[in-house]
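Dropping the structures in below, format is structure tokens.
First chain A sits with chain B, and in the next complex the same chain sits with chain C.
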Partner chain A sequence: MTTTTPATRRARRWRAVLWGVLGLVALAAVWELYKLVGPADGWLIGAREGVTGSGIRLLPRTSDQAMPHTWEMLARAATPVTRAPGALPLGVVVLLAALVSLGIAALGWLVGVVVGFALALLMLGFRIAERAVLPFVILSQTVPLIALAPLIRNWGSRLEFGAFSWESWMSVVIIASYLAFFPVAVGALRGLQSPEAADLDLMRSYAAGWWTTLFRLRLPASVPFLIPALRLAAANAVVGTVVAEISVGFSGGIGRLILETAVAASSDPAKPWSPILGAVLLGLVAAGFVALLAAFLSPFRRQETAA
Partner chain B sequence: MMRNRIIAGAAAAAATALVLAGCTSGGTDTDDATDGGDGELTPVTLQLQWLTQAQFGGYYLAQANGYWEDLGLDVEIIPGAVDIVPQDVLAAGDVDFAIAWVPKALASIEAGANITNIAQIFERSGTLQVAWADSGIEGPADLSNKQVGSWGFGNEWELFAGLTEANASGYTIVQQNFDMNALLNREIDAAQAMTYNEYAQLLEAVNPETGELYQPEDFSVIDWNEVGTSMLQDAIWANTERLESDEEYADTAVKLIQGAILGWIDQRDDPQAAADAVTAAGSTLGTSHQLWMANEINKLIWPSTDGIGHINEIAWDATVEMALGTKNQDGAQVITTDPPDTAYTNEYVDQALENLEADGVDILGADYEPIEVTLEEGGN
Partner chain C sequence: MSTSAPQPSAAATGPTPPADATEAVVVRGVERVFTGAKGATVTALTGIELTVHDGEFVSLIGPSGCGKSTLLRLIADLDEPTAGDIRVFGRTARQARIDQAYGIAFQQAGLLPWRSVAANIELPLQLHGVGASARRARVAELVELVGLSDFAKHYPDQLSGGMQQRVAIARSLAESPRLLLMDEPFGALDEMTRERMQTELLRIRAETGAAVVFVTHSIPEAVYLSDRVVVMSPRPGRITDEIDVRLGEAAERGEDLREDTAFFEGVTAVREALHGPQASSAGAARGVDVR
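The block that comes next holds the complex of A and B.
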């Protein structure tokens, strides 16, 4: 490990922030550049004269309706969402909704990680479980979300015991976790199975039991596999949350806001972009959390140097 | 490394806080629902077919003005979503009452849903087919060989009834989005639009040629009410079995209708109040758009021929007949056999109307006049 002073470390961090900001600026520049040089009506091939809607679109439109200027989006985000007295700026409404969705996605992620890890342990412990469960784990991800969402809502609403009653946000959590558990189950299993036979033999020669082997060898060895799995799970949880909100009717989150502002696409084109950018921000924050988690896990990441 | 731990610890704490925030923000609904009833009120759930907006203003006004509470009901209004089919949610027993269009509900009834129309709130249809004024499209017959936009999912039946009646042919049905860009960009020749929503979206958009908003003269409109293929739309549906077997539920049905009618009367007399009520309930639609919607919805209800909510037998039979005789682009029909007698009843709405008339409430709105709404750019 090279020695670093706090000053150079700080400089490196600032550089990372700077690059991040530059990336955003570059993205906005690309948008504006295409808007400037691209044809206003896009580019169609095979369009027949007088036949509406014929031809295949190869380049998107650049009109203000299809691609509002980046500064118009920012200006729209700063103006109140409606003219009702006390209405918050659109950007604030978006951020609040994103926060609600983040909480739900985090819960979904947590449930997904716990379930995924438990499944991985089960499959590790019982060979027969791996053969029986793994195909279903993979199969589970081929069920389209739009088919699943109403079912989960339907089953959930039948659950009622005592003071507990099913809320629509719970359906959203379940759907988010349904997408999140998959990479964790597969990644964790790969990781837990990653120690080589020689290492396992060594543990055996110490007369270490299954649990000791798990904690001393398999879990640390799984970390390099687990971190990308957790990151994938976070991305899946965010996507699952946004889609499920639209699908099952949970209000207050960013998905619902995307649906609600979509109707303004013709008349107030900058408005629908705010919640879309909010969803992007949500994904970035979720990825950031996992990066922090990875930093926390890295000390456990023991890698053997090749002899 | 120590530093990393601290950061990670802080991150974990922040994540937990967010999770908790998520829980509480989702959980407040329950608190409201349970705290609202002080043990005396009957809890009732009402499933809407779409997001909170002035299309459902009467229900939100009934709630905001305490009409249901006065009648002993604690009504929870559940907004719809993309994959929520209200009449199916109702048939599954997940809610007590639901708002749905008649043809869609008829299809569900034929598929086995045991539900009954207990109040036909909207007397007229709000569905239009809109084309450019210079397109030469004046009626359904002109849609032959054209690209015709439609949302599908049961929203297309009036269009197909009109096309069938006019013997139109060679048209292509194009799946339409939530916005009107396809028509504005001339990707389709005619777009489906509700008077209270998508038609307003057109009039809120800037015409790039003039720099001003588009005007009604820029478009030609096919109104299915005028063509004669309109079908019944927003109605309150109830669970048939519970109506028959559960006296308290039947009593609740009357009260639900009665309170809702009072809300709709408030919307008639003050559309701005309806727009404000739905905005307060969380709608983010623009202020002028919301008022436009409240006003256009009023036109679908008022003046009422038989008293708001009363199901007109002739209109019902016409809808059923068209549902039996119309095929869509896939050759599917709404229904293939006559619906059962339980598909609608005036028993509860007439009771509610009688109660209201006894209180001197104007249930006809014979001298109703719509207001003038000026749409702003973007509906703001």
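The block that comes next holds the complex of A and C.
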């Protein structure tokens, strides 16, 4: 355990930001460098003359069509989406769509975390539940998302009572939570089971019940296992949202925007890159949110050194 | 039972399970059989008779596998005997645990890493609904008692092994129990720290007046600390001897006692009891620390 002064901590934080920015610059530099030296038509092996799509492409094309300059992407983000009067800049449209997707992903993450945690508690409380539920939890993740999306939309659309009717964004939330709950269920269970026998003996000697032991011992002890699980869940929720938006046909989010702008790629090659970067930004925000959560929970991440 | 030299103190109580609340611990005819896989059974303890008087310091000593820790766990109601009866201050072991009649410390300090020293010590008080101000006052007393006043706000990972163990002892004393159960609490410490902790334990014990059941595999430790040393033997785990070693009032025992002839006589007596009548078989005391 090293004690740090606020000054050194601040310096370390600035250094982290600096490295982050340098990483971005390096990525852009690699992009431009390859574009400069790489063959314009890429490199194919085993291509047959006159047959399009034959052969295996080992190096991607570097034409402006396939790899627009980084500054062109930035410039495109600043110009309006379409030539229609009053159209917003592409970057703004992307950010708005990303915001919609962020809301959906956050909701999916939340549902996933609650469900995952509830399953972990169930498995903790009942041995039999662990044996009965865990295989299905693992099996659930082998179902391809593409197969799942139409099913959920279909089932959802049959739900209708009173003023409530199923909206397509709800399907997206369900699919996002379906991907998010898995790491939480597995991670939380491991964390809740992490206290040693001696710790449990101690709680027993205090005549502490199951719930007291849960709140005073198991929950705090699970935090080091829970943080990586929550981070994975956040990443899964974002991926799930983007993919589900496309397969469910929900418009307004970043996933749909990626699909729409990809259509325009031939005439406007810099355009599809904006929503792709928007999706990346979405993932970063989600990761940042979990990092913030982890900072709040940091007192619980202290590790006991060997006595 | 092959008790070679029963001490008067051990035979003081009658053979029937007494409801005498003045004795700290009364163990009568206790047996613990573990059932392993495929129905194989291991007799960890058999025919255990033991009385610990109020305020008495009793050490359980014996080689690995003699069931000394199991006996302690039975007294603490962390495990249940397959036969026999255990009374703690006249109550059943279970009731005594629920009433918090004892404090307990293990070989590993077992501190919660996310709690500060003060928060670890107050854990039992917090669990039993003691108010915040009363808790603070008691914790201040206890950190003073174990000499960690300057470290109350530190976290376990910032402490040495000896300091962690002191926190664990302070925690076991939090509710002023009349009985302390200690399972090799200094087993993981280096020799210098260990001797210092032993002297500290004697001082703390003199201040609190609590009875102590102390599991160890170190002969000098048992002799230095105890009023009475209970010698145990494995396969099946049983009590083979009890030796009175009263070297004087706990408060008066100092470091120089370790060089006293009475101390060495006690060590010799315990060692002979451990090796038993068949002293020639070297295997009898395997696992016993004769430092």
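By our rule, the second predicted complex is superposed on the first by the 292 of 307 C-alpha atoms of A that agree within 3 Å, B and C clash if a C-alpha of one lies under 4 Å from a C-alpha of the other, contacts with A are read in each partner's own complex, and residues count from 1 in each chain.
Operating definition for what follows: a residue touches a chain if its C-beta (ideal position, glycine included) is under 8 Å from a C-beta of that chain, and two chains touch if they have at least 3 such contacts.
On a predicted model such as this, the values are computed, not experimentally measured, just so you know.
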- Message: After the superposition on A, what does A:Asp201 contact: first (chain B), second (chain C), both or neither?
- Response: second
- Message: Touch test for A:Ala78: chain B only (first), chain C only (second), both, or neither?
- Response: neither
- In the overlay, answer first, second, both or neither for which of chain B and chain C A:Val21 touches. neither
- The chain contacting more residues of chain A, comparing chain B with chain C, is B
- Given the touch rule stated above, what does A:Pro299 touch, chain B (first), chain C (second), both, or neither? both
- Query: Taking the contacts chain A makes with chain B in one complex and with chain C in the other, which residues are shared?
  - Reply: 299
- Listed in rising order, chain A residues that touch chain C in their complex are 1, 196, 198-199, 201-202, 204-208, 212, 216-217, 220-221, 223, 299-307
- Note on the structure: Per the touch rule above, chain A residues touching chain B in the complex are 41, 52-53, 61, 63-66, 81-84, 93, 99-100, 102-104, 106-107, 110, 146, 149-150, 153-154, 157-158, 165, 167-170, 245-252, 256-257, 259-268, 271, 289, 292-293, 295-296, 298-299
- Query: Which of the residues in chain C come into contact with chain A in the complex?
  - Reply: 73, 76-78, 97-98, 100, 102, 104, 106, 108-114, 123-124, 126-128, 155-158, 161, 164-165, 188
- Which of the residues in chain B end up touching chain A in this complex? 1, 4-5, 7-9, 11-12, 14-15, 18-23, 25-27, 29-30, 51-52, 78-85, 89, 92, 94, 146-147, 172, 174, 177-181, 184-189, 197-198, 201-202, 204-206, 208, 276, 279-280, 282-288, 290, 377-380
